[in-house]
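After this come two complexes, each holding chain A, first together with chain B and then together with chain C.
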Partner chain A sequence: MSTDTTTVERITGLGAVFQRTKYLLISYPALILGIFVVIPIGILFVVSFFQNIEGGFYEPALTLENYARFFGSDLYRGRVLYTLRLAAIVSAITLVVGYPIAYYISQLSSRLWRRIYISTIISTLFLTFIIRAFAWQVLLESDSVVPMIGAAIGIMDEASSLVPSYFALVVSMVYVFLPFMVITLYVTLKNIDRSLIEASRDLGAGPITTFIRVTLPLSKNGIISGVLLVFTLSLGIFVLPRILANPPQWTIAVLVGEQVGVEGNVPFGAAISVVILTTVLIMFAIGGYLMDDDSEVTNA
Partner chain B sequence: MSTISEIDPSFRDSILSGSLRLFAWLSMLFVIFPLFVISMLAFNSGSFLAFPPEGFSLQWFSETASDPGWIEAIRNSFVVAALASVIATSIGGSAAYALYRYDYQFGIAIVGLAIIPVLIPPVILAVMFLTFFAMLGSHGSIWNVVIAHAIFLTPFPFFMISQGLKDVDRSYEEAARNLGASQLTAVRTITLPLVGPNIVAGFLFAFILSLNEYIIAWLLAGFASPTVPVQIFTSLRYNYSPTIAVVSLFFITVTIVALALAEYLTDGLWE
Partner chain C sequence: MPGVTLEGVTKEYPGGVTAVDDVSLVVDEGEFVTLVGPSGCGKTTTLRTIAGFEQATAGTVGIAGMEVNNTPPDGRDTGMVFQDFALFPHMTVAENIAYGLEVRDEDDETIDARVQEMLELVELPETADRKPTQLSGGQQQRIAVARAVAPKPSVLLLDEPLASLDKKLRETMQVELSRIQKKLGITTLLVTHNQKEALTMSDRVVVMNDGTFEQVDTPEQVYSNPSSPFVADFIGNANLFDGTVVETTGAGETTVNCGGISLQAISSKSQQPGQSVTAVIRPENIDLADRSVTTDGGVSVTTIDGTITFTQFGGGQTEFFVETETGQDITMIQQSEHTRLKTGDHVELQIRSSDVLLFPNA
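Let's look at the complex of A and B:
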């Protein structure tokens, strides 16, 4: 297509203008993103080798001390494993809860109802974690809805407070990540060719067999992207553990925030950030490798 | 399987779809209920944040409106969100349009740069920008939050506008050019109206995400110029007043209205 354009422009004598506009136009986003994305990533990496000075300052150095402190300590190693396990548990729960929802909505024949359901599910998607954490804090407190129900049906001995706790953390994380999972699965499930499912039913397979043999394999890419999305988002979560869980249940991202924002040890926070960032990139690489080639993720 | 297949197939189908529907409805309840609870607390007559509320009152609304702390936080939030989303839309939009209109050898690198901010966990973006601005000698400024948010949110308008442009044939603009329209006129009269809804939707996404962002705002501006999420966090720890519920209700409303508008403009965002 570009060859056609250039030929036309050259004939009309506008070739030079065309070329100038072309590079002028891209220079704005390219320069801004170059300065404010590439350089800060570079600085983060560099600062992770800097030396911390008491009182929130740091000086240029080339020390591996920050990384050594991180990898050499049982505390931080344990925290990494804890965060990875939490991310895996939350991803698994959101997948199990989210799949039937996405499946149900994608099967609806009314376009209006599909839009209503999806809009409801994603209505909370962008709402700050702070407000959603606050909501769960209110719901899980003693004398509040959840503990009272728990006591009434006999799960709990008495209506005692469920917050802060690991339970509160998992419930709130499932709550905030469910919309991401549902929307990712929905987009995949909706694009499955309905005639394949009908063919399976016509050939005598029941709904369960059809689901396991046809729908589930065809939604593989959606499952991988959904799990990957929730898993990586879980690694970066700060607000929910900070508000709804006890310090021993804080994730690795909370440690970054605390090191930088409270302890004032920026180089150490930067080193942990580099470790998390590397983990996230590895996760994306694995996900990309697992996904089938006809994935629509890279259509931009 | 053997017991299931002995049951009448149509009965089995209706049991399956019925339980699926029940599950979907319960999930909707799970999504909405916490927001409903917060909204109820805003009308609480008691001075303590607890559910169920003690009685009906509007006193916390006037309390909030006369609290300089909340007023300042709301103003900070809206100034940051407005500026950051305009900048994000200009960066994302110009990148999307340039990549649509021309072919570049380095095009894939621009796509990568425009998408990468959303792949980085916000807490790490915050540390990145903190060290970046520290090198420039700038600390605790609300303007740093504007820039950091603009970069963080660029992927959203970039993606939305790219999606819109995918459906616009490049030959429309070329036809206008061949008929004598300048490049600018061709864009203004042909392409812009066609992708207008996507530009607005991308802008709205960036706007509400900036309003609701906490960790970058906290680490870059801190308590000196708090945005609403930072102020809520502080209040949750120190005074736990029902005004938190009022501000939350306001934020829930703004967020849902903006999202509904984006959904309406794009005629079904996820369809």
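Let's look at the complex of A and C:
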């Protein structure tokens, strides 16, 4: 033991530099997390208790006024509930639409085709939200493709404009978030050992029973991850409601934007953000609880 | 009633690769047959064709007397144990075993009783509520067997089930698998690349090479009477020499010139002088000249001089690598306790003509 301490004391010069570099390397993840996550969110949290001053200013304080305003108002509370419901609907639709796509791609035996499909899906993310929002606006206008098809096959009386509307908002959000769902599910489904499916078939289960009793339960973690991802992204949606929906259909993020950008009320915007953030954290806690232990699923 | 029948089964993959080439076999009910061969010989493909995971491009597959060519895997009466065991990770051990019974809509009481019975069969009743990851490799193996046989299939298919276990455990499980197979009396097909497994466990051995069946016979026959140099070399150890027939006598006594060694052999088939042959000699059939070699009537002995170049101590037996005066390498196995030979020693080897197997070269 005593030799240890003397060794440490003797390290000088270049050795000492390496000694310190070691701690720098070890602390790298903590440093990055601290600078880019903990500190900004800490500031957000602190600012949410500040006092707003008319005209776009605020001063340090410890007031619950911002939270009182939020929870005391039907408008803001209602917006949050509306946004949560919208996020839930969009998550559910992307899951239902995305699962078969992810499943299909994961079952392809050709590596080339799997790559082509996945690249195509990811490539839709190359375009910015704004361009994709305007693209949907064009597609949903009265004399455009979607209403005309709708009228032709009889689900619409006439080719009237579908934008701006709640429908347009949901459709565009599903379109924008679908790649995230598909990629997440694809990774999970691809990792399911083929011999498990074969074992099920060999034990006498048909393809449908095998899917319900083996594939689906084993893709549970992917489903939870995909839903959490799309749900969280949906809560923060800002551009799409502004372009494709009417003000009553605007999400809470749009209202935060208005509070900060137009009204200049930063503390109130921060307070709303803290509420949303807390909701997301609760969602993640529930999701994490529902997930299977990863090592249990993959190592068997 | 035969357990499994293969009639001219061929499996050709798109792109022209023939994995299995026109093989036929009848496995009797209750019989334990092992498909053995080097990797890529088509043994696993043959097994998967029986299970229904691969479709035969030609020929007929029959299980328990029924043709099953167009039956999907879930309609075939087979139970398979996979190389990686393929236990369902999201189910407990008991749920895994119950799976095959549940999908057959058995009632709960029957299932519970059968699961218990299977757990006792594999001697692991205490593991019922554990997840597969909480089991050791050997335990996972036993549960995989229990799950496969729980629905009482007419055929048990084992796809290299012992390959992922360490040597000691593998030997224990060989005995264990044989015990379970005998107890259930179930028709069993085992695929392995381990020739020792094939010899110790099976009633009959199928030696596969390049998509075809080289030899189908009892372990004893495959070992002592191989049908080709390939079988002789793959099952057990063998010295292979290329040579030319010099002369034959009436009693099948044949003299073969193998690169300078004049080897005496007894050939059941009559060989013409000048015929190119492969001579096969088991290392354990080579003796040292200092011990008296018993010769029965009509058996002659070839004596070869050589020098030991390398010895490999293997416990009870020691393997000696000998270089002959004519420059060939011969492997000899002796009981360790009987020899004190070491590298560099000069030896005189003796080979009985009845221990030399001759195969004409094509």
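The rule is short, and it goes like this: the second predicted complex is superposed on the first by the 261 of 300 C-alpha atoms of A that agree within 3 Å, B and C clash if a C-alpha of one lies under 4 Å from a C-alpha of the other, contacts with A are read in each partner's own complex, and residues count from 1 in each chain.
Heads up, the rule we're going with is that contacts are C-beta pairs under 8 Å (C-beta built on N, C-alpha and C of every residue); 3 or more make two chains touch, one makes a residue touch a chain.
Bear in mind the structure is a predicted one, so any value in this text is a computation, not a measurement.
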{"item": "Contacts of A:P247 with chain B and chain C, given as first, second, both or neither", "value": "neither"}
{"item": "Partner chain in contact with A:V38 - chain B first, chain C second, else both or neither", "value": "first"}
{"item": "Partner chain(s) touched by A:V266 [first = chain B, second = chain C, both, neither]", "value": "first"}
{"item": "Contacts of A:V214 with chain B and chain C, given as first, second, both or neither", "value": "second"}
{"item": "Which of chain B and chain C A:G72 touches, first, second, both or neither", "value": "neither"}
{"item": "Which superposed partner A:A199 touches (first chain B, second chain C, both, neither)", "value": "second"}
{"item": "Of chain C and chain B, partner touching more chain A residues", "value": "B"}
{"item": "Footprint overlap on chain A, where chain B in one structure and chain C in the other make contact", "value": "206, 299-300"}
{"item": "Residues of chain A touching chain B in the complex", "value": "1-2, 5, 8, 21-22, 25-26, 28-30, 32-34, 36-41, 43-44, 47, 97, 100-101, 103-105, 111, 114-115, 117-132, 134-139, 141, 143-145, 175, 178-179, 183, 186-187, 190, 206-208, 232-233, 235-236, 238-239, 243, 253, 256-257, 260-261, 266, 269-270, 273, 276-277, 280, 284, 299-300"}
{"item": "In the complex with chain A, residue positions of chain C that touch it", "value": "51-53, 72-74, 76, 78-80, 82-84, 86-90, 99-100, 103-104, 131-133, 147-148, 151"}
{"item": "Touch list for chain B against partner chain A, complex", "value": "1, 4-5, 9, 12-13, 16, 20-21, 23-24, 27-28, 30-35, 37-38, 41, 49-52, 90-92, 94-95, 97-99, 101-104, 110-111, 113-117, 119-124, 126-132, 134-135, 147, 151, 154, 158-159, 162, 166, 170, 174, 178, 183, 205, 208-209, 211-215, 218-219, 222, 228-229, 232-233, 236, 244, 248, 251-252, 255-256, 259-260, 263, 268, 270-271"}
{"item": "Complex interface listing, chain A residues touching chain C", "value": "193, 195-196, 198-206, 209, 213-214, 217-218, 220, 292, 295-300"}
